[in-house]
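You will see two complexes here that share chain A, one where it goes with chain B and one where it goes with chain C.
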Partner chain A sequence: MNIKLPQLRPGQRGIVQEIQGEGLTRRRMLDLGMVPGTLVEVVRRSPLGDPVAYQIRGAVIALRKDEASYINVTTC
Partner chain B sequence: MDGSDLTLLNHRNSNEEPVIALAGNPNTGKSTLFNALTGLHQHTGNWPGKTVLHSRGHYVYQGINYTVVDLPGTYSLIANSIDEEVARDFICFQKPEVTVVVADATCLERNLNLVLQIMEITSQVILAVNLMDEARRKKITIDDKELQRRLGVPVVPMEARQGVGVSELKDTIAQVIDRRIVPHPRLVRYEPDIEDAIALLEPQIIRALGDGISARWLSLRILEGNLDIVKNFLPASLIKEAV
Partner chain C sequence: MSHQTIKLDSLPLSIPKLERAPHTIADSIVRSIYWEAEKIAQASTSCAVEARINWDRKIDDILTSRLWGFPVMLLMLTGVLWLTISGANVPSELLATGLFWLHDRLLDLFIALNAPHWLTGFFVLGVFRSVAWVVSVMLPPMAIFFPLFTLLEDAGYLPRVAFNLDACFKKAGAHGKQALTMCMGLGCNAAGTISCRIIDSPRERLIATLTNNFVPCNGRFPTLIVLSSIFIGGTVAISWQGLSAALSVAAVMVLGVVITLLVSWLLSKTLLKGQPSSFALELPPYRKPKIGEVIIRSILDRTLFVLGRAVVIAAPAGGLVWVLANTSWGDTTTLAAIAGWLDGFARLMGLDGYILLAFILGLPANEIVLPTLIMSYLAEGALLELNSVAALHHLLVEQYGWTWLTAVCVMLFSLCHWPCGTTLYTIKKETNSWKWTGMAFLLPTLVGIFLCMAVTFVVGL
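Here is the complex of A and B:
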């Protein structure tokens, strides 16, 4: 199922399909390791639900909802 | 930064002691390595932006005095943030004799993005693969010889917290500086249309700026449309032409 990254719940995993957006926003996601094919796991949400900690290629990275919304994943 | 600043920054007396830059992703033990090299017990910690203002230290190896500069931890040098800008400007303009990229052995793959970017800016690169002890604990083995062969730059496995690999790193730095080791970074080859565009831009950049700055790296930034970076370097006329 193709969804946006913030729709994943803690413990769920997804495979990055596409990074939307352009320029520096897109580049930043790529630099963090979010390239198509990457396995992403939701580690936990902060108390207020934003940001969310993701396990990406061996590191835990916190992303805000507006940043993570650029990333389309399929659940797995 | 305008042209006059550029000249100022580019000018450094060759008699001065060699400058070593430490670059790397956040949380790779860069500041720990800095302390291990320089003997400083500077506070290290784990929060973003810790090293925005880079710290300097010194060490002596085989009678030569080296200056070490600890750059902010970054995932990239595209300058999304002030940290990246500081690190990028230092490597581009201050031209350290050697840039040591510190990588985390437990998640090496994600660190290689920065390694490849820095190799596009300068060939004077050493990769320090740190946290080898933690990698062993996680049953990760790193073939440092193969990594060195594939990257074309010296690779030094390290456990900086325990001081393991520090003298090997100092020795490798000395050898790169006096050209006993000459790194030949294997650069990323992009798709043919991108390589064609680079081939068009490169000679013009060299004509405008000389060989002080990697023309390939600047070409790529122009092609990305990242004109904020580019206008720090290039005369406006050339940018217009490239666009």
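Here is the complex of A and C:
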């Protein structure tokens, strides 16, 4: 099932299918290693709910909801 | 909630099939680059990260939790300040006693050499005395604060602060990494300004640059610490003095954070309109700080560097104050004339002319504001030996009529006034614009004047 990354709950994992958006935001996602096929795990939400920390390729990266919404994942 | 870790060798052997093909050639290229890189990494490295990550997550469960995230941050801030304040007291007095003993021997020497009055005055009463003050007031707190702060930095706590606070910064139209530049600003606003480079988007970087000065830098700590020890710490039982002084300095800092957020919000709604742009913050694994390295680095790179800068600036400023206090202007000294001229306006802000003048003379470096003020008071009043907080209390309260309101207004104005010369110079270099440098000067000054006047007005009702 294809959903947006912020829809995953802490502890859930997904595989990146597609990165929407263009330009700088997209470039930055790719820089982080957020390429199609990458396994992403939701680590935790921050105390106020946004941003959310994701485990990507061994690193923990916090992304704001707005940006994470550009990423489509399938749950696994 | 499950906390499984992803091991590198658990990856499938071939590139996983996607539901849809990547939509550009660029995507396919990036994807295959990452895939190849990962295969190579897998073949050539091994790591036992699993246990570590679990530890990290357990720590993060507390430090970034909904319930404990904010209390822990406040606790850390107050704790660091409390250790700084209570630890700095005794060495400060020892240093002052020692340096003023030297001051008296120097006086004896100059008199024995039959040096002219102006020479003795300029070098001993002006230059040496202000340097002695700066060293004894600044060195102990810095030698405690910087290592403690570097310890937190080294352990990896600071990115968690940015993680916790980002939602506030987002609301203010700013970047979560501004929390990091503010932490740097605690050490030195010029360093904080340079650290704004970590924010990629120009708009948010400018917001962070313009508001960095609302975090009290280390040069302003001593002023805040000394005043809160005298006026706020003094109102409670002795055993609680250190703690209540720490709490009041922490309160001033929290106020600084609130003002930063408000001003950032205002800027992002007016001068710097726009949407908050991309945000990605790495939360690196915690690591055990290398204690020895931390101490050496923070003492050499930070403490002595900042102290050296302060001394270099305090020396000529001390001389200048002596000259101003010993040249006449009409039937009074130049210093008194300028202070008198500023007095009317300063009174509206709950200060007096000498205090405002000290802030103005302190433009080169905030470290010298308090020493300058004490020097100008002493040059005017009776010449007493000032080597303890009690003596300072006597000078301020008995001789110059300070009340707790004066202390609060000085603390507020110390928090919100023009950045020091070094910071302004840095802002000019970083933004490459006189307009933004001017804004960086005006913004905190106007906020400070407004705050002090508002407090004075409300209390006077």
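Just so we're on the same page, the second predicted complex is superposed on the first by the 76 of 76 C-alpha atoms of A that agree within 3 Å, B and C clash if a C-alpha of one lies under 4 Å from a C-alpha of the other, contacts with A are read in each partner's own complex, and residues count from 1 in each chain.
Methods note: a residue touches a chain if its C-beta (ideal position, glycine included) is under 8 Å from a C-beta of that chain, and two chains touch if they have at least 3 such contacts.
None of these values were measured; they are calculated from a predicted model.
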Partner chain(s) touched by A:57 [first = chain B, second = chain C, both, neither]: both
Larger contact residue set on chain A - chain B or chain C: C
Touching partner for A:28 - first (chain B), second (chain C), both, neither: both
Set intersection of chain A contacts, chain C complex versus chain B complex: 24, 28, 32-33, 57-59
Interfacial residue positions of chain A with respect to chain C in the complex: 2, 9-11, 13, 15, 17-19, 24-25, 28, 30, 32-33, 35-39, 41, 43-51, 53, 55, 57-64, 66-67, 74
Chain B residues within the chain A interface of the complex: 25, 27, 75-76, 78, 80, 104, 106-107, 109-110, 113, 224-226
Sites on chain C touched by chain A in the complex: 1-6, 8, 11, 15-16, 18-20, 22-23, 27, 30-31, 34-35, 38, 49, 56-57, 60-61, 64-66, 69-70, 163-164, 166-168, 170, 176, 276-285
Partner chain B, residues of chain A touching it in the complex: 23-24, 27-28, 31-33, 56-59
